[in-house]
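Per-chain residue numbering starts at 1, and chain names A, B and C are given in the order in which the chains are listed.
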Amino acid sequence: MGNFDLLMQGFGVAITPMHLLLMVAGVLMGLVVGVLPGLGAPNGVSLLIPLTFSLDPTSAIILLSSMYWGALFGGSTTSILFNIPGEPSSVATTFDGYPMARSGESTRALTLAFMSAGIGALTGVIVITLLAGWASNFALRFGAPEYFAVYFLAFAAFIGMGSAAPMKTLVALTTGLLLSTVGMDTITGSVRLTFGYSELLSGISFLVVVIGLFGIGELLSTVQEGLRFRGVASRIDLRDVLKTIAELPRYWATSARSALIGIWMGITPGGPTAASFMSYGIARSASRKGKAFGTGRPEGIIAPETADHSAGSCAMLPMLALGVPSSATAAVMMGGLMIWGLTPGPMLFATQPDFVWGLIASMYVSNLIGVVLVLATVPMFAALLRIPFAVIGPMIVAICFVGAYTVSNSTFDLWLVLLFGLVGYLFSKLDYPIAPLVLAMVLGHKAENAFHQSMVLSDGSLGIFFANPLVSTIMAVGIALLVVPKVLAFGSRFRRRIPVE
Amino acid sequence: MTVRRFHAEIGTALVTGAVGATAAIGATSLGYGWEESGPQPGYFPFYVGLILIAASIWNLVSAVAAHRQASADASAGGEAEEPFLGREHLDRIGRFMGAMVVFVIATLFLGIYVGSTGYIAYSAWRQGKYRPISALAMGAGFAVSLYVIFEVIFRIPLLKGPIEPLLGIY
Amino acid sequence: MTYLKTALLAATAIAAAAPAMAEWAPSRPIEFVVASGAGGGTDNFARTIQATLNREGIIDNSVVVLNKGGGSGAEAFLYAMQNEGNAHKLIFGTNNAYLLPHVAQMAYSMENLDPVAALALDEFLIWVKADAPYQTATEFVEAAKAEPGSVTFGGSQSKDTDETLVSLIEQTTGADFKYVPFNGGGEVGVQLAGGHIDAHVNNPNEALGQWQSGAIRPLCVFSPERMAESEPIHDGKGWQDIPTCQESGIDIASYRMPRTVWMPAGVDEEAKAFYTDALRQVAESDAWQEYLDKTSQTGVFLSGDELTQFITDNETSTVEVFAAEGWTSQ
């Protein structure tokens, strides 16, 4: 069956009244968590996962992914209206979005953002649709060494391509790896690093850690900054919306370039945040004339938003096809997949076509729903930020703790949320990246298992990681990702230093 | 009191190093060598722990170096090291954290519904300057919506204390 | 005399049982604690019972399912320990309840659990890739004997049912396999279909899809008699066409995994009788038969002394294997 037929079949799965309802609910909830600082996409999705246990996996992933799109849209709203990025990936949108809104063109800024976001998402899904069939052909060639190579590649990419100090990335990554080893290890059948606490026997849930790191951690940062949200009025005028849509084709070059950047960063583990910054930077250096960037340039909104959303949707592909998430939210969703009893990886396309294609089809529909809903409800959600922090702050805190409790009904997890809240706050203040920690918690144990299985298969010889062209190629790419950026950085520093001295 | 970035960097590096050491020591009791069926259970945590210790030492050393540099700049009339947390910040964070810890402890004893009602009502009353009645209404409203969403719609039981059974809610 | 005695005994039994059931009934929602993650075999087991209880009107109280699959299910049994005497919690597991404490240091022991019933036995089969050179179990074992350590057996987890069975095959036949642990039956299945391992011992339900698609085929089943009749699944063959392992030369009469229901220790006998009766009604329902057919499990109903006897036998024979392999933690 061709991709097109599969996609049509997927639409059959996705477009049912129940699923449409879930999409609307997901997008709306996503808007709320996107708008509220302290509740972002990764921990919004974490909070929702326990609620999906009673749904079938297809409905569950539709709900979660719709929430993700909603959160991406919601994050841009507060960036533009309040100069507060609701999501890390919408930081770049504040640069030109807020100035444009301040100068009285808030409708134009919002419309530009949402339309480019929609365009970005759409190109992302089209790319997934085209590549997905090809991914499933790979299905059966992945044994334990290949899986290990892929996890190695993901870790290498995070260390090599991340913008934070490499040693701080390493600290975050290894901390996550250690956390993932706590508890009963099913592969060796032994209990590890529990230090006698039976609460730790079942391990530390990454969901609880994410809720602490992102939820409580971000909230503490907000508290430190003084609990005040100041915003621009947010009435949406339909005529302005249409006028703005009409001016969009003028920026086709920016849109196309940003979408490409987003697709690349989404498929490689760069993630939406890196994509939006990169796209903004390139748009700025590519512009020739006109108002300076940072004063409300349309391209300054289009570039980060398009890239952000195309990266966000493309991040689903490596998650589904390889089991390698390229953003924190994708990592959380992948954890959800495993909880529902699905094994992410190439086999998923072969064994669960309804799930995969239902999800892909739903991405077309829910992004459309997202654009419409966000335009219709922006004033309402922006009003949430006018609720005094003394009320909304504690509510967010309570939601985080309730969410953590529902993960495994354990009161011990409440203390973990507190602890990781502090860790998240300190880490972000001191420029330790958090995403590698989450990635390591989700993938660490799988990587270790794959390594262990490979060693059993090869009787302890590392040669198994270079035993065939497939695994050798993946390992080589991983090593290159680890080494090349460092060499380039060292080289450029070296070149720059010479003329100075 | 002011916390400087230097202090925070040093403290964090020491703690991450300690985490690495704890893991490495804990792993030794599991065996960290190789056996017939591949690496022993402690192999992975042991070496990852060592890497974490090494990276923490690196961060410690570079924090000290940055501090020396900044002090040197400061005495040369340059820019002094940025303060990490001022008195005001510490105050605000401390109060917020304090309320949160009390909320967690209250939740353990009284359940999530009573805990969150009290916590939200208290914050709205003290920090939000709402009248006690409306503050309490906000807290109770929040708890009721939790109940409806979790227990009624999704059938997920939340933590309950001694009070709910008296109201006939299990 | 004997007749009269039996009748009297029966009468007393009924007299004793009837008020017992009337005496106790659940007064609040019942929690089903599942010793596996959502979507696993044990989870399906518990959710099928939940649905049957409510649909057939056996219990009117609402039933909440909680998944506590951490630590190979230990989390659920620890939870039972913490809820001693609580008559509104049932724990769903397999034989892991009594086997786990043997292989790892656990804070709970069998003292903390009270067995209620076993409702099904899940079968184990030897599966190989469809194009594998071996046609029978004997050929397969001979191949492993010819080159010790070259035939790889994949299985779910270490020191658990799968590895125990593989060790048991080794001990009975003298063959030497290489055992590779994976996280669950699904993962193992994919590895076999991809040819990365040579065989596995998945349950019928876990392997059905790949047998249907012709990627793998069964060699034999570890049960005393052949499995129940079914529609042809692949190449005109159904479950009943699979030889038992004993008839194809591996001298293991029976190796099956019970699906069990437990209560925290210290619960009143009346409450236990209530649940035993409710579960018996489930086991007799059509919905239950449908579940057994769909998952190709064998239906049983064990409770009381019968169940205790079954557990003791199963525990003793399994711990023998553990001891021979040097897995026991004490």
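What we mean here is this: a residue touches a chain if its C-beta (ideal position, glycine included) is under 8 Å from a C-beta of that chain, and two chains touch if they have at least 3 such contacts.
The shown structure was predicted, so the numbers you read here are calculated from the model rather than taken from an experiment.
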Pair joined by the larger number of C-beta contacts - A-B, A-C: A-B
Most centrally placed chain, judged by C-alpha centres: A
Cα-centroid distance, chain A relative to chain C, in whole angstrom: 39
Whole-Å separation of chain centres (CA-atom averages), chain A against chain B: 22
Multi-partner residues of chain C (at least 2 other chains): 66, 179
Multi-chain contact sites of chain B, meaning residues that touch two or more partners: 37, 155-157
Overlap residues in chain A, where contacts from two or more other chains coincide: 188, 190, 409, 452-453, 456
List of chain A residues in touch with chain B within their complex: 50-51, 54, 165, 167-168, 170-171, 174-175, 177-178, 181, 185, 188, 190, 192-193, 195, 216, 219-220, 223-224, 226-227, 388-391, 393-395, 397-398, 401-402, 405-406, 409, 411, 414-415, 418, 421-422, 426-427, 429-430, 432, 448, 451-453, 455-456, 460
Interfacial residue positions of chain C with respect to chain A in the complex: 37-40, 43, 66-72, 74-75, 78, 103-105, 107, 152, 157-160, 178-184, 186-187, 190-191, 193-196, 209, 327
Chain B-facing residues of chain C, complex: 28-29, 31, 62, 64, 66, 179
Chain B residues within the chain A interface of the complex: 5, 8-9, 12, 16, 19-20, 23, 26-27, 30, 34, 37-42, 44-45, 48-49, 51-52, 55-56, 58-59, 62, 84-85, 89, 92-93, 96-97, 99-101, 103-104, 107-108, 112, 115-116, 119-120, 123-124, 126-130, 138, 142, 146, 150, 154-159
Contacting residues of chain A [partner chain C, same complex]: 53, 57, 139-144, 183-184, 186-191, 198, 201-203, 339-343, 345, 347, 351, 408-409, 449, 452-453, 456-457
